[in-house]
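For reference, chains read A, B and C in written order, and residue numbers begin at 1 within each chain.
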């Protein structure tokens, strides 16, 4: 469990990125921080592994104040995946994945063997192990990035817009892969994105942020869609328009769903089940 | 600094000599490097040949260059022409790479759209590529100017008169002030030419003045 | 081409290979001087360059100081220092070390700055200590540009060492000056050819080293895209390295 307690962050240039932010992130679930640029979402994420230290307030992981932990050691116990993969260009794929275990003193042979196994886990062919990052596609690089994040079998996995720089088809693939991984591994995932669809797809808990890290709403995707807390949230998630504002029409004796622009969105295949707001697209 | 005040005439004369030696190479190297740089940017083969050749020419030390040139092109060792040619060679060697890189830095989309709306190679070069490469070219030319002014002083060791003569003369006669005056005058002259190029750039490339300094992106 | 013939004959003349001021001795002096100067200048410039590149601090000052040093004409500095500390090797050593520092310094920090910030940020985020980032990421990835800086420093030192014969009895430059004095064009030209060959040989060797130290994996990724998102802006970096005066 990760807890933010009244956390604020003011950068040296005066920008107040986060103002009095409190949040509890449950274990073994995916929490998505979503907001547009300037909402402080990346700053919040980077506070969890002390890449950024708060100006005031405290962050606790399993009731331990992380300010009391040594940053380098803390970071080695937390998986981190970023946009553009951040792989070391002069190291082969397998060595990139093994980076952190090697730093922690795992013998080279073991680390490499584990790294190869991790390539399987993230759905990469082992034949790529001896390639350099520049020889991989963007999607493959991101998978290597995820494998590196998992290499020390961390409880916590931080993901900073990890799929932001790949094309939509590959992104969809990677998202499904992450959902699969998460059902297998059950990590505490903290995921940052500016894409509401991605947030709703991946998040068990979604945190919608406004500027300065102000929380506009917290809840499951269904909660948020069904009951937007205010106009900001409604407009941010698009609940009032387009493909999210659906209504039922009868067509050829079946109920079809039509969005606000009159486009066909799907077919209603069953009666509404309480507490389950999923629509077959 | 008494020496400098009593010898202002001498310093002035040497400054004029120095200008005669260094201004023509700066202009010539730009004019000569333009087509060569264009060629280097245009074809893979010519790029290799031209850039390697200019790299090697630039690696030749200036003092030996001043001595070898007369044997090659028949100039007289101490003549200004000999120095002007040598300094032009260095300027071209430096500038060719700058021109090639500058042209390569022009946004591909801009070039494509220029071709798409019907610019010929010739008009595209003069109206699109050259102006857009302008800031890079200007930066390169400033380097050429400063280094040419500095290099021209070396001519003094073979007896060609310039501000460098104040170094050799000051050394032989043991007058520190003369050497210092020479260094100061050389640096000032370099700054002056550099400033002139900056001013010329502001006139020739007016849009670069309008560029806003983009705000530093803060992490979200 | 008879002038060149005479120069070649001078280079091959057996009389120039014995006694004081023989060609092999002069070549060794020249090379030894260049090497020592580079070592001393590197010992000063590289730690500073790495510190600037790693922290991103002090860059403005370094650029200003390097720029200032570079604008100073080498011959002026050489003669001035010679007047201060007397004729001999001391003056050239001091003057040339000072002149060799800016390109090496620039190569050291520019090498770090050219590294993709994302790679360094990620290295820190996964738990590399600052020392590990320096040793395992920044130095290996920045090495090619550092060698580039050493390369232009070496060229500048070889060239200026020739001029240093003006204030000290050493190196290949002696042939040029004594030839000038006695109007012995064959000796002057022969000496010049030797200096040019030496400089080009060094240039070739450094070009090779520079190619070798590019880490595999980086060599395959020299795409415009990668260059575009490299690091902090670095105006004038190119010039800081390639530009030199002799």
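The rule is simple: contacts are C-beta pairs under 8 Å (C-beta built on N, C-alpha and C of every residue); 3 or more make two chains touch, one makes a residue touch a chain.
Keep in mind that what you see is a predicted model, and the values were worked out from it rather than measured.
Engineer: Which chain is in the middle, if each chain's centre is the mean of its C-alpha atoms?
Structural biologist: Chain C is the most central one.
Engineer: Most contacts: which chain pair?
Structural biologist: So the chains sharing the most C-beta contacts are B-C.
Engineer: If you average the CA coordinates per chain, which chain's centre is most distant from that of chain C?
Structural biologist: Between chain C and every other chain, the largest centroid distance is to A.
Engineer: Once you find the CA centre of chain A and the CA centre of chain B, what distance in Å lies between them?
Structural biologist: So the centroids are 53 Å from each other.
Engineer: Return the distance between the CA-based centres of chain B and chain C, expressed in whole Å.
Structural biologist: 20
Engineer: Quick check: how many Å separate the C-alpha centres of chain A and chain C?
Structural biologist: Chain centroid spacing, chain A to chain C, equals 49 Å.
Engineer: Among the residues of chain A, pick out those that touch two or more other chains and give their numbers.
Structural biologist: Within chain A, residues 46 contact more than one other chain.
Engineer: For chain B, which residues are shared contacts with two or more other chains?
Structural biologist: Within chain B, no residue touches at least two other chains.
Engineer: Under the definition above, what is the set of chain B residues touching chain C in their complex?
Structural biologist: These residues of chain B touch chain C: 55-56, 59-65, 67-68, 71, 94, 97, 101, 139-140, 143, 146-147, 150-151, 153-154, 156-159, 163-164, 167-168, 170-171, 174, 176, 179-180, 182-183, 186-187, 190-191.
Engineer: Per the contact definition, I'd like the list of chain C residues that touch chain B in the complex.
Structural biologist: 3-4, 7, 70-80, 82-84, 155, 158-160, 162-163, 166-167, 173, 176-177, 180, 185, 188-189, 191-193, 195-196, 199-200, 202-203, 235-236, 238-239, 242-246
Engineer: What part of chain A is in contact with chain C in the complex they form?
Structural biologist: Residue positions touching the partner: 46, 49, 51, 72-77, 80, 82-92, 99-100, 103, 132-135, 145, 148-149, 158.
Engineer: Which residues, counting only chain C, touch chain A once they are in their complex?
Structural biologist: Interface residues on the chain C side: 116, 118-119, 121-129, 132, 136-137, 140-141, 215-218, 220-221, 223, 226, 229.
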